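Per-chain numbering from 1; labels A, B, C and D assigned in written order.
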């Protein structure tokens, strides 16, 4: 950690601050500049509270040099994490294609779509049973009934499944029926839910929050990992910016950046970012080209009747064409 | 709702779309332009799913004309909501000054601060027992022990109290010990928690999410109200923008804007927005001048030792001076 | 244009507004809803001033249905624009690889880099002679001396050249020496400069402003085109968001979105967006995959000595490797 | 400046970097941490190029400790700058109320408004003669004809005047006719224009760019000051964020923050930020309460006919009421 002192701070004030820091077992190196002096702190600075330092009248600001996450940090775990469910591997060069409807609506709907995406080459089936909706008057999902259908779809297709856990009361059911637990963007800093997800022996797909920095995203992964579950997959799904033509701005730079900082796999959800099906193909190709470990794509055979996210869902034929193009890119 | 059709859409396609809409009991008015035609929908459009329309190949976009919230909507409830706990009223010209430490750390700490803020004129005491922290390694709050201290502080000072509920497992306790339930910015779209908060007969202070639009914020209030609890107070606490000198950008325009849209009281938290105590005084004065129904301010007698948010906490003497200035503004 | 009226607007006020609009030769269709009534305006609404309508007390808001740009609008010019200089074509399936140093620093520097990028397959040479720098104390470019070196580099390599025009006083010189005129992100709404650029018979590369919406970007292209110069190439170079790990957030969605709205070619500058050379390769591949008509990449043989933007410049060997990978993607 | 080295950087690489730095007359202090080592640079670091350091393979990042602006820096000029034109002072406790139409449209329009705002207590008259418009098809201002009307309005009312200079070709005329030169938000980083504005002996009002950080804004002030003109007034006018209900988000925190960093006066333009006249009163009061040195407000007697910005213009009666309320706040 580096502490920048305010100009003209008196010697005794600096000495007193240094003593406070040294009491915590930290060594302090002082660099005296013409206007600003700085303190370089050496030792286990992860225990230090940056805000306490900034509360001192003499401190201009305190800056961390090292990322605050450890278990998710590539510095300490240089090897790529590979996550496996059944025969499907994600990370370390293995790519996941997760496809399916936004919401599970009926047995016929889910099975129709499941069969179609499997035939086109998807290797994981998605489908929401508990839906986080911005309006209390919108369809909230089929609940456990949906989870049962998801299980049936797996029996039929053999595809491992993923569905979202939206609260402490339902995550147990999600873990019981599905192979992957999804944590949605709006819950990325629902710390109680993250801790709970860390207590299952199931991979967790953690979506990036709409306004989460990459460091905050990795800190949320750290919450899950700190509970003992190291199977975390990060999912970029667009951030909120001033641009409103696309629903969110897909931040594809996040893929190589996060891969520099962490050993965890990173996948991309182009459907939610764009909010428009015509954007899904170009953004999927870009996501693969930028180095993502997989894609999560919404597919619906009757998007005009979908109970959620119809506008961004690909029809099965379009998904099939997309898969062919991705394969041609040597996916 | 207004639906804009793509240029050159064929007559029979338009007719078919109109029939689909009319089947839902909606009347459709068509305006045929040179390039774009539009459909004006009249009737109970709140049941319509905007995204289903946008999934039609012939639809350029669908736009809501009316706000999607009802119970929170000033159009249907023109009178200002006034919320009362003990003798303290908020809204309709009555202002709340909520003050106290970020985290409850000990009996001595809480009581010292509680007495000080009461003497300076605060009328509600804040203090966190369950703390949502971006790092799993940071202090997570005293839990129920903290709630007991909060109750003791109320017995001593007579001030009604507010504390944050961070999950379904602990909200019951929060409702048991405190007078106001706070929902934090990171949980603004934790819909399960909102529904639960809507089941208590206690006022809820709902902080605006870091990247929540005003409409989304009001939809989250609607979640609470739809469960039967109409005592919602909105709290602006800064949004995330490109500017990093302040921790967040306090959006004071939100106060008059939300008051045009809704009858609910709106208060302002300048401490979290700025992240720096020296900004708290000017922003507090601005919040009152812009028309806020109250303030939520962090106060700590030893900010350099605070277990959270030290940098943004006012010392009691500074809080006291601020209160005098606010009173001079005819608070 | 659609005008939404405030609830409870009186009949005679609506009638008077309709008369005002009809006087401009516009036909008005009224749709009367339960709470909100809307007016649909048919005719040449491009002459209408949206803000004048919103100044009426009875108007909630006015919304344009049609994009405000005409010459840049795909609706009226469905064919892709192809721009050609010497043998190099851009657009309609033809891709430009623009490479070279951020700033022209010396004859040796420019010629070394120019030869290297040509050998690797670049087809246009970039190099700044007038540099827009955020600090008045930073290197401001060699000026006309730099333009002369750029011309020399063209004679040597045969590559057409591009350089930035930063003001009315120097654009004449830029147009004299270079093949393409570049308008930088910070000048995207320098309307006097845009008008002037529209008076040359040279292609203009128009970078997107840091906080420009896609519509504003296309309106700036419209400024150039309205003066008679239809040879405009759009360049996405990252937008400003809350994320600070990358210098800007490259908005690759902008490529397919703008291509839906406009017939103009769109290229991508990954160097400025990322601000870090290690991001340039993955982002370049993603830009090609998403459908960009070309790339603009900074190359420097001694980035540690570069007078500007060293951190984001590729060394010639790395640029060479990148070009091989792009060719393998069937660039 | 602080340089953070990459983990595991070899000793000889560090030594070589230190030598390079010391050759520039800078002293280097090394702090060796467990994972990251840092270099603290002492001396005239303002001449150093941060990006050159980041181009070194061994450098993780380089961070400035000191603000890069000097003439605008409060550290070196602790006294508030006070700017005076005729009898009007701005800064150091003196407040300017700048009011008038967005665009000058006719003699009758300008004189009507000028008389009205003077009577209500405004002390500076605004009015645009050259208008930066996002569409080439919108009204572009009366040009020099407008400047002549502005001069006439000054003769009539005695109010000093301000008008915007949008390019190098017209700034001379602006400086000839008006008392203050305004640089608009979209030209905040039009460095050629800033340099030119620095060559006049007239105060310059510099609006903050839509996505400019406070540091960039002060660097633009530095451009003007570096040319010899130290009479710069900063004007906050809203930044671009994800929130679209208001046209821009007025960043009132910028007032106290900039006052901590600089000695220059800071005023606020609530009209452009909100884009809606009903927001102007509450935001004006908040701006005064937060400590602004003045306001810039658009006033029009017939906003429904205004050629620009009608929706955000106050009618003279409303402006008069606002002035009374501001005076009651002991303006």
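Here is the rule we go by: a contact is a pair of C-beta atoms (placed from the backbone, for glycine too) under 8 Å apart; a residue touches a chain by one contact, two chains touch by 3 or more.
Everything numeric in this text was worked out from a predicted model, so none of it was measured.
*Asks:* Taking contacts as defined above, which has more of them, B-D or B-C?
*Replies:* Output for the comparison: B-D.
*Asks:* Counting only C-alpha atoms to place each centre, which chain is farthest from subunit B?
*Replies:* When every chain centre is compared against subunit B, the largest gap points to C.
*Asks:* Between subunit B and subunit D, what distance separates the C-alpha centroids? Give it in angstrom.
*Replies:* Distance between chain centres: 31 Å.
*Asks:* Cα centroid separation between subunit B and subunit C, in whole Å?
*Replies:* Distance between chain centres, rounded to whole Å: 38 Å.
*Asks:* Among all residues of subunit C, which ones touch two or more of the remaining chains?
*Replies:* In subunit C, the residues touching two or more other chains are 211, 240-242, 244.
*Asks:* For the complex, give me every residue of subunit C touching subunit D.
*Replies:* For this pair, the touching residues of subunit C are 46-47, 49, 51-56, 68, 132-138, 166-170, 186-187, 189-193, 195, 209-211, 216, 219-220, 222-223, 226, 240, 276-277, 303-313.
*Asks:* Show me the residue ranges of subunit C that touch subunit A in the complex, using the header's touch definition.
*Replies:* Where subunit C meets subunit A, its residues are 211, 213-215, 239, 241-246, 249-257, 260, 273-274, 278-279, 282-283, 285-291, 329.
*Asks:* Taking the touch rule as given, give the residues of subunit A at its contact with subunit D in the complex, in rising order.
*Replies:* Residue list for subunit A touching subunit D: 2, 4, 7, 29, 31-36, 38, 40, 42-43, 63, 65-66, 75, 211, 240-242, 244.
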